């Protein structure tokens, strides 16, 4: 029995325990304990993240001549720890008052708990896969587990988008299956290392097909362009903490497999040899990534529902991850990998703040909120930290990973990709400001006068996550050894790091200093503000006037709708829904053919057709037999 | 071993005496059929053990092959005989008022057993026709609950037309073979495949395939499927879709494996299989009620089975057999469930709330149908695709693409349906038929078998592989039936 | 670098920036006055203004975030000054580099945005929406310029860039088009005509400043001095060879800041969408052409 076996056993027992006890109140308290236990099991294996040996599971399955086994590499461990922490935070979040309210509103709380543990179970299974078959099985499990979580929401839209998701996911699974079959048919083996060996033996067209099939499969999960349409709505409609969990980590399983398969076994050389002149697979993927940062981000800018807005950003941030890893150098890939953790931490925190606001006010419509900072200051703080992380500004962790990606683009001389990445970041700043402004700043609505801060069961995970956001931004060196082990295990150049950041000739980064200076600046600013000036007088927000009129609470003057009219004037015409159009046209093509076949089946006289066939066959036979005789 | 002849004789005899018995005691006539089937099951089991991993030939009527009648018995035929007995027992019309129906079911069983066991073309044709007649009769005689009687009659009539056209083609194909070779014994034919090479032989195979394909829901001749399944009782749909279609498939593959081992024949099956898969799934995608959806999905599944059989040799039989058994369980189960779910899909809203168990059973079936791990359907699909890829050749790659595309479409429509099940009930939704019959219990049983088989994927697969290896070999077949003919003769 | 030296830098770098920045404010007001045939303010006017604003009796706070916004606006720049090397004082320029610096420059905008948001005045929010849109507009050419410079000098550290220019030629000679694009971006960054919609001094009631009184306004005034200084020194370091001493650096910086003011009055005020359109068209195009030469 290895530590990995213990991990699997604990996860499996948790699955059984939660599914058995899901309708009892005890599950509230039990679930966080179980996730904590899983976390301990993972921490016991942490040596793998510091350059230690790969953990092999002693269990292996011989099914139908296929050998399936499981292992935990640094890569698996890195994604697993993010998954489990996200699950733990979500479980704590829903264990108290949120869960009570959810039950009272008729939600199936037990199923939500079950869906969460099923997700964790399937993700651990996927992350632990040791060959292509176990990878495929884990992959399918993850898809269906997400589906289970998504369908829990009672709204019609949620169910519809869940079904849409499962169709997308199935398409991806089928693409993955073909790719696996292509590999198997060469050497009759499903080991991971076959990917690389088979790839070198293949013809160029097969190589291209293989890379595209793998990429399509993984891109669908990750919601990369042009497969981004399913994700945002499906995640946004998932109930509360479920959305936080899915938004944090679920679609990153696509990133895991991209690193595992495309980066590790096909590699830069493999991608570069596919293409003509300066356009090769690497550039193609890099541009897919760049467009994924831009387009979903600007779609997010248009949303007026907080959860949708965040979910669309989740799609967009996936682009940074791919953009970083596809550069294949030490800093870029470190940035891409690190962004997975960073994104998970602030995205989960942000989703939780929105859910917290919904818990108190019942809505996440940005046009119906405002001014809540005085009522829910801690939630505001979490959201502030979260949006600084999401926008990638110092001193939060999002800045570090994005800095690494930028630096890599700079080193590799990619100005257009660089601008694309910056365009994404700026769009994010605009959009997250709108989020925090419309929720917490501005006018407080009359009906929200009595709103209070959310209870501690919800605050603790939110605050915990924001501490992670800050600490890993302040001392990225806590995470960077893990990243370095991952890079080493998948054969990428390894990043030189220290506690504060990275060492790099011609311009490194030391976040301890950078954050320190920033806080020094804030300190000086505060000194100037509080000690140099006269005393300020706090006034109520209604002690205010605009345009020569006093503003009162019965007049709504919160500036929220169409927040950036100038920008929208200019770029509004670009929102044409081309991808929606594409999706619809595919559906139209399928229905065209299905009507065609339906008409065939409707043919009233198949008997006549058969008889004509018989006569023709007889005639041909007569000729043939005549000659034969 | 000769006792196995009773498999055919007993039901046939029962079919004739039931009307007479019914005159005296209706109760007795009701139980005659099940008793006969149970006896048959016992016979099959004892034969299964006796045959072991080998096979037996039974010569009837005092003549030796190639002239005499031969039954060929191996695990393959015994497996399907067992399934016939079990399936007919499950759908036995307990609540029928007329003894006529019992007779017809007995006739159907007798024909089915004969079809599985016979080793010469003439007998195969006879049993096939008998099966067809029994089916028409059952369709026409069955009590119709939901639809006006006239449409059932019309469907039955149209089925009769197309089916008899198919029979004509089958007969024509047999006639051509006889013209070319002068024999109808399959083993004998297997020794002289060379005279069946070329266009004439191939067209004979095509005629047989399409002729039998009418029952096997093969692509161009399956327009009856939705109509007939839509009007007849669900148990009967389960029987037709689950079992009778497989028997026709068995006829086709017997010919394919023993006599027509040519690439052109494989390609023919591959193409009709592909067309069946894609057309079936696409039409099912537009279906608005459950029976229609299941009917077209059944067409697609049969297409998948044909694709599997287009893989040469025992592998094709192995995978095809697994697919057939899986489809029998899944589609049989789904049709049995449909007894409770009939009508327009929109009316089924809220079913999951009303009956979570039914929804769960339904999910188990469809997930396996889609090939989601760890359900058995996944392994079968994986094996199918891996083996198709091994075949090489463009057409096989097109087949892989077709299967996977079809799976995506299948997911889309099935989950559109699942979504309806899990929606809130509204004014439109009809309460589910509460006084459901035993069929739902059997559906649950099927789901249970499916779940249990999940745990025994490897042994089951190995067993099927052994059976396939044995049954797909023309050498063994010839040796058993025509011991005098040696392998050398098979030039 | 010993601790004492660093302590000194932490104090003096912002202080110098503040003083120089005030002189720049004075210079700009003088230029504006001369162009409008006025005499302009006296030398200490900027200092008077700040003292006056801080000393006001009526100081309206709309809440904690309002205060924090101002602190972030000033503090962000103070941090940025320490990242911006000047002769004799390198601060922590080696720990961050120019990418970090350009991100630091976004923090004051966000801080101001938070502060204004808390005021619950719709006019303020409109102003912020414009300011953030303008930031989106000028940051794209700005980031291209930074990219081009960093690529050309093969360094993201300003120290390295200055060294390179000291050894070779000034950036403006080697990359004239990029330098011009940089000037464009500078015009937008400083909010001078034609890109002044979000500052809109003539329409203070419909801008971000609407709820700012007393030291809040004073804070923003201080922020402006830092902003001018940062822009001038950054541009001088990127394209004008920086300086070995303040005597060579400061004239360049003053020149850089004087330029936008001198041409500002030739232009009208553009609408927000026109600001984006122009800034995404001409400077971006220039920068891309220039990059094509450099790469």
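Order of writing sets the labels: A, B and C. Residues in every chain begin at 1.
The definition used in the following text is that a residue touches a chain if its C-beta (ideal position, glycine included) is under 8 Å from a C-beta of that chain, and two chains touch if they have at least 3 such contacts.
Because the structure is predicted, anything quoted here is derived from the model rather than measured.
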Check A-B against A-C and say which one is joined by more contacting C-beta pairs. A-C
If you average the Cα atoms of each chain, whose average lands nearest the overall Cα average? A
Round to the nearest whole Å and give the separation of the Cα centres of chain B and chain C. 80
Averaging C-alpha coordinates per chain, one finds the centres of chain A and chain B separated by a number of Å equal to 45
Chain A-chain C separation of Cα centroids, rounded to whole Å: 36
Touching two or more other chains, which residues of chain C qualify? none
Chain A residues counted as touching two or more neighbouring chains: none
Which chain C residues qualify as touching chain A in the complex? 10, 14, 53-65, 67, 70-80, 82-83, 91-92, 94-100, 103-104, 106-107, 110, 113-114, 117-123, 125-126, 128-130, 132-133, 135-136, 139-140, 143-144, 147-148, 150-151, 154-157, 160, 205, 210-211, 214-216, 218-219, 222, 271-273, 275-277, 288, 291, 295
Can you tell me which positions in chain A touch chain C when the two form their complex? 371, 373-374, 377, 380, 384, 388, 391-394, 399, 403, 406-407, 410, 413, 415, 418-419, 422-423, 426-427, 429-430, 433, 436-437, 441-444, 500-501, 506-510, 513-514, 517-518, 520-526, 528-529, 532-539, 541, 543-544, 546-547, 551, 557-559, 563-567, 569-570
Listed in rising order, chain B residues that touch chain A in their complex are 161-162, 165-166, 168-169, 172, 176, 179, 198-200, 203, 206-207, 210, 220-224, 226, 278-279, 282-283, 285-286, 296, 367, 370, 372-374, 378-379, 382-383, 385-386, 389-390, 400-401, 404-405, 407-409, 411-412, 415-416, 418-419, 422-424, 457-458, 461
Sites on chain A touched by chain B in the complex: 62-64, 133, 136-137, 140-141, 144, 151, 154, 156, 159-160, 162-163, 166-167, 170-171, 174-175, 177-178, 181-182, 184-185, 590-591, 593-595, 597-598, 600-603, 606-607, 609-611, 613-614, 617-618, 620-621, 624-625, 628
